[in-house]
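Alright, structures below, take your time with them.
Each of the next two complexes has chain A plus one more chain, namely chain B in the first and chain C in the second.
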Partner chain A sequence: MLSAFILLPVLGAILISLVPNTNPNQNRPRIIALLFGGVILLWNVILGFQFDPSQTAMQFTEYIPWISWLGFNYHLGLDGLSLPLLFLNSFLTLIAIYSSNVNIQRPRFYYALILLLSTGVAGAFLAQDLLLFFLFYELEIIPLYFLIAIWGGGRRTYAAMKFLIYTALSGILVLAAFLGLVWFSGASTFDYEPLREQVIPLGIQLWLLAALLVGLLIKIPIFPFHTWLPDAHVEASTPVSVLLAGVLLKLGTYGLLRFGVGLFFEAWITLAPWLATLAAISALYGAFAAIAQQDMKKVVAYSSIAHMAYVLLAASASTPLALTAAMFQMISHGLISALLFLLVGVVYKKTGTRDVNVLRGLLNPEKGLPIIGSLMILGVMASAGIPGMVGFIAEFLVFRAAFPIFPLQTLVCLVGTGLTAVYFLLMINKVFFGRLTESLSQLPQVDWGDRIPAIILALFIVILGLQPSWMVRWSETDATALVVSPSLLSQVAQAPDQALSLGDELSMNVLPSRSGNN
Partner chain B sequence: MDFSSTVASQLNAGVILPEGLVIITLMVVLVGDIILGRNASRQLSYVAIAGLLGSVVALYFQWDNSQTIGFLGGFNGDNLSIVFRGTIVLSTAFTILMSIRYIQQSGTALAEFVSILLTATLGAMFLCGANDLVMIFLSLETLSISSYLLTGYTKRDPRSNEAALKYLLIGAASSAIFLYGVSLLYGLSGGEIRLDAIAAQLTDLSSGQSLGVAIALVFAIAGIAFKISAVPFHQWTPDVYEGSPTPVVAFLSVGSKAAGFALAIRLLVTVFGQVTPEWQFIFTALAVLSMILGNVVALAQTSMKRMLAYSSIAQAGFVMIGLVAGSDDGYASMVFYLFIYLFMNLGAFTCVILFSLRTGTDQIAEYSGLYQKDPLLTLALSICLLSLGGIPPLAGFFGKIYLFWVGWQAGLYGLVLLGLVTSVVSIYYYIRVVKMMVVKEPHEMSDTVKNYPPIRWNLPGMRPLQVGLVLSLVATTLAGILSNPLFNLANSSISNSSVFQTASTPVILSESIINRQSLSE
Partner chain C sequence: MVNTPTKSLAQHPLIDYIERLERGEALLQDSPQNVMEVVGILKSYGVVLDAYSRNLIYTSQHQFLVLFPFFKYFNGDVSPSRLLKHWWHDRINFEYAEYCMKAMFWHGGGPLDEYLDTPEFRQRAKEALKARWRGNPFMLTLNKIFPEFLPEQVRVMAYYSALGQFWRVMSDIFIELSDRYDQGEIQHIPDVVQHILNGLVADANRPITYQVEIRGQTYPIIPPEVGLTFLMDTAVPYVEAVFFRGTPFPGTISYNAQAYQIPGDQASFTYGALYADPLPVGGSGIPPTLLMQDMRHYLPDYLHKIYQATPRQEDDLLVQICATFQKSMFCVTTAAITGLAPHPLNTTDPAEKAANREYLVNWMNRFITSRVESINR
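And now, the complex of A and B:
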């Protein structure tokens, strides 16, 4: 069942590449891609209904032995951490395909690559084998490289190469950590579940976790490993930016939760204060850098860095509530940044510029882009954490969960949230308010095709903001299961004299979640 | 050995049946060329391919043969040698596929080329199974001298002549050094030539033998490193690769290298089992240098063949990780990687040959915008290069994972980390070519590609190229995903091989790791 998420896009990509080049109907690749995107999304919704959120175990698992000598198996599974992200991936892939330029150059290659990208991301979210995760993690690099390098802006080759090198480096660090983990734990396979009970000396764990962290922090990205992201975003076309910000970055944070917290809990707790500090620095850095930008897309890109830092903050707090919050923040950021990139894309398409100093008064109801502008204001409000929208719930959960554990870092991040309002208001104020300049008064009509994806995203943002439990219920159980690791429980059982301290730690971890959810 | 048996059973000539088939094919090609003349040369090369495939079948039936020693100990046809011989035979068959059109277009005789290539194959095959010093040296020289001839085969091309001369001079020097090392072994063991007998004589290293063994080891490694073009014995590689006919380069980079690695495993494990830490230390150094230099210098290349030359140096560096690991898994990972390397590297060379046949150049810059004119070539070359760079889910990814995993298990953390980092570097230069072909817009197309001839597969000698291209494309794409049988093959070739029954006991291995760690500290 889960293999459909991997096989269907590949099948779609093959079908698309088989469309003859001479076909007069140049829309056929797009139609096939939309069809496959739709089927995948539908399949995802069906799976969502069959999914039982109260179970902690992996569901719908698939297991095929692959390379026995390596202990490498094709093992897929779905739990509350992967399901929302999988849904986000299917959803944003469809939106990206839909919002792609109808007359795009080399359509067959383009749509095939987007579907392959979807395969890689879905596979990484589903993989229950460390090497399989790494395989999909690397698989996504090449399609994205081409998507940036071929259909990007002026400096696209530079940006794409930078992306490639950073991500490849991130990949090998992750691989080194995985190899080390399996070797030192003496496990016979790269299977995820058995490895959670590893008992490696803390010193080695710290080294392995450090390698894993640097790898994943590049991907998220967190200051000081972030420099590829603004370049990649600015040069990438709108749909690619949507995918990059919406799902690709989530691979990093998902990896943090699944492998950082899940496999190295002891070392994670040791490093957590430093991670929280790094998150705070990154949040502030992203916010300040965003204030200084003149390019709308760069503003959104730097705001991505700031908002992804909250995920790291929540993950470093690593209580069940905090992990649920991290999941929520991932989804919230996925939706909001996708919306913002889409809208910036529409503005760029209609006006030909993204410079905040040139654009003015776009909210003008007659000659401007009123609906796009309104959606933009909504997206910005959501991003700044205005109540009633998904951003507020996510950030509130993050800060509520992190504050008891890292008060100082959380306060710094709160300042970062405040700054979100500053840079986005600066942008909105310049671009959408004021008098519409003469040069911009002859804007082409925005057709509904451009608005629909943005409106759907905005609906999700509002609905999840009003009804957060629809999202929380998926991840809560598994977030708890991730922290209360089997080894911790068995330690408590085996050593009653130490149970006091460990019990304290446990109760500290578990209690906030109760108070938070009541 | 059982001396009561008859001479025939001692000879056990059946063990070289695959080589026999190659010899018969060689004869047929030679005689056929004389009788039928130049017009039949293309048919003769198909005969050669058929003979080589027959040889693969013969190898298949010798798998798990209980009587592996032939010719009174001169030849050992165990599973390890079968895997290596199979790799070499396949690489030759591929090379013939891609050389038919190339050699005919260069205006030289095809059948002669094929017969020299078959001779080189014969040398390489015997080298894989050679079990005594004379046999090793003879087959090594057969391989080398045929290689020199092949390198200079396009006589009218001055660069080919230059390459042949360089290769000959450096090769002869390295052969001499190797021979000197071998003669030391002969003396130290008191006149033994069989590898296991030498090993038995060299057990006691305390009594002044150790210095002699060390010198013999260094000299032998110099000869091997020349064959596998490990840094710092690589200087011939770029020039020879650039100058020689491209099919020859393809053979040198796969077949000849595989033979070198087979020799390395057999000689080092059997004879130098006592000094395992020493040779592992030397090969660690060679691997480090090869990976760094090969990958870094490849970045700066503008010619495709030179880039592939440095990339093959780097790839040899990766393979050496398996050798240094020194475990059964390590050797198996080498076998596996070489087998996969066969397809992806020969696939890449097929593409280079095809491109140069159609355009007459091999400059990387000339590839820009190729996707518009020749999608199949673009796809095949991209897949092969990405596989060489280790991008999943292509074959190279699995090969590298296996090598790195085995290296990690053997405690070679530094080497594996270096391998990981340098493979990122390698992705950069492989993707640079892919970028040229795929990313460039129509208006950035190079003049060569603008004047690209229409694709015609029905020209004489183009069909084999097409077959080779499609085969390597399919193999590179699927060999990784369906690699479990290959893994099993590689592992059973090692575990059933007689070489490792005596020499590499776990005790020596763990000692070697400890020693190496103390050396590095």
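And now, the complex of A and C:
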């Protein structure tokens, strides 16, 4: 069942590439991509209905021996950590395909790459073998590199190359950590579950975790490894930015939870205060940098850096509640940043600029972009954590979970959240309020095709803000399982709705010294 | 009308427009599209004015000093289905008519305003008030304690009636203009101006009167013997109050009166229709939006076609209507300027010409900050 997420997009990409180049119907690649995107999303929904959130074991596992002498196997599995992200990937891929320019140049290559990107990301979320994860983790770099380098803006070659260098380095470090783990633990396989049981000295764990962390922090990205992201976002086209912010960055934070917390827990606890401090610095840095930006896309990009830091903060607290919060923040950020990038994309498409000093009065109900502007206000409210939207729940959970363990770092991050309102309100005030400037008074029409993806995202943002349990229920059991002992898990399995409280209580008892570490 | 210092004529920024008027042309350039736009918008304006005028007259006569006039926009036809339509906003925005009435009332000026401050008016108002509140000790006591309150309401009612009578005439002029255009008689902007001018002149001396019926007896508030007439007592104050002065509420800009951002002298106000910025139209609370919303229901097909051909098609319909409406208002203003000129504007007599020039320069000084150049761009 899970292989469908890997094979279907590949099949779609192959079909698209078989469309004759001379075909007068330029829309055919797009239609095929939409069809496959839709089927994958549907498949994901069906899987969601069959998924049992109370189980801690991997579900729907698939195992095919591959290179046995190396201990490398095709092993897929789904749990509460990967299911929401898998859904986010399918959903945003469909949104990205739909919101792509209908008259895009070289459509066959473009849509095939988007589907291959979906394969890479889905594979990484599903992989239960460290090498398989690495393979997919590297695989998604290739389509993304081309998507930026071919369909990007003026400095696309520079941005794509920078992205490639950074993320390739990230991949090498992740691989080094994985190889080191297998080497030092003496394991005969790269399989994830057996490796969790391995015991290696803390000193070595720290080194391995450090390599893994640097690799993943580049991907997230966290200050000071972030410089590739604003460039990549500014040069990437809107759908690519949506995927980049919405899903690609989540590979880094997913890696933190799955491998950082899951494989090197002891070392993780040791480094956690430093990670929380780094998260606080990154949150503040992202926020201050966003305040200084003049390009709307850069504002959203730096805001991404700030908001992804909350995931790191929650992950470093690593209680079951904190890990659930980290998951929620990932989904929340995925939806909100996708919405904001989509809307900035529409503004750019209609006005030809993203400069906050040129744009003005776009909320004009007749001649401006009133619905796009209203959705943007909703998006920034969600991002700033206004109650009633998904951002509030996510940030509240993160701060609630992290505060008892890292109070100072959490308070600094809270300041960062306050600053979100500052930079976004500055942007909204400049771009959307006031009198529409004369040069913008003849903007082209906005059709519903431009609005529908943003409206769907906005609906998700509000619905999950009002009904967060629809999201939390998928991951709370597995978030608990990641940090607590198997004996507790049996209790949790008996009372899954109390997983968080049980887990929090026990992990506090298990890890009493951590609150004194910061 | 306000006299402002005359600039040296050759340097006058609107000298082209002065010469244009002297040649018998209008403030709006003549072009087939302009003719079509102006006639089309005036047709829908005529329909809307007809409704406004009926309601203003109805209010002045049948809602006279009704303290809580819940149903004043119903013209006497109150039924559950009308009420539902009203709540669903399937109706004309009569509030806009009241907004214009209030502007006229506030700026005042002219013999109507003067008459409403005379002892004769007070006496007539007093009689009407006495009849209206007979057997109502509460209101009579209130009238004794605040003797200025109810007479002021009667003045407002007088303005309701006066504006209703003015718009009655204007509505007919605009509908007739559209009929003549459809018959091919109107082909140029000067034809439009001439038609409006003829209408104004034909009804110039039409008496403006106002009386109310209370318990079967008629009480004159403005009897014919006061001698108020259509042109000088309603048309001129209306143009002054609504076209020129207006109220300082242009939309996206907020003024701070305490910081003297609004002129101390009401006569220097330039917030009227000829100065209005069409761009904010459609925003909540921007007054012309109400009028544009009303007119959009009655646009002739040829006007829709013109708007459809613009880059945003009819997405920005209200703003486009407002811009067109502004063009038409400059035609009405041209007719008013021509009609009020001391001598025919195409005179060859040097003395008459000089007098006309002085007259035109006074007008043009007021137009410097208006939208006259924008509509001709």
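Convention: the second predicted complex is superposed on the first by the 485 of 518 C-alpha atoms of A that agree within 3 Å, B and C clash if a C-alpha of one lies under 4 Å from a C-alpha of the other, contacts with A are read in each partner's own complex, and residues count from 1 in each chain.
FYI, contacts are C-beta pairs under 8 Å (C-beta built on N, C-alpha and C of every residue); 3 or more make two chains touch, one makes a residue touch a chain.
Worth saying up front: this structure is predicted, and the values here are computed from it rather than measured.
With chain A as the common reference, chain B sits beside chain C without any clash. Once the two complexes are laid over each other on the shared chain, residue contacts for A:Ala176 go to chain B alone; chain C is not touched. Contact with chain B, but none with chain C, is seen for A:Tyr145 once the two complexes are overlaid on the shared chain. Of the two partner chains placed by superposition, only chain C is touched by A:Gly434; chain B is not.
In the superposition on chain A, contact of A:Gly361 is made with chain C only, not with chain B. When the shared chain is aligned, chain C comes close enough to touch A:Pro444, but chain B does not. Vertex at the C-alpha centre of chain A, arms toward the centres of chain B and chain C: the angle is 130 degrees, rounded to a multiple of 10. By the touch criterion stated above, A:Val311 is placed in contact with neither chain B nor chain C. Number of chain A residues touched is higher for B, counting chain B against chain C.
Of the two partner chains placed by the overlay, neither chain B nor chain C lies in contact with A:Ala289.
Taking every C-alpha of chain B against every C-alpha of chain C after the fit on chain A, the minimum distance is 31 Å. Overlap of the chain B and chain C contact sets on chain A: empty, with no shared residue.
Taken in their complex, chain A has these residues touching chain B: 65-70, 72, 131, 134-136, 138-139, 141-142, 145-146, 149-150, 157, 160-161, 164-165, 168-169, 172, 175-176, 179-180, 183. The residues of chain A lying in touch with chain C in their complex are 361, 364-367, 434-436, 441-446.
Taken in their complex, chain C has these residues touching chain A: 251-253, 277, 279-284, 311-313, 315-319.
Put simply, chain B touches chain A in their complex at residues 329, 332, 386, 391-393, 397-398, 401-402, 404-405, 408-409, 416-417, 420-421, 423-424, 427-428, 431, 435, 438-439, 483-484, 487-488, 491.
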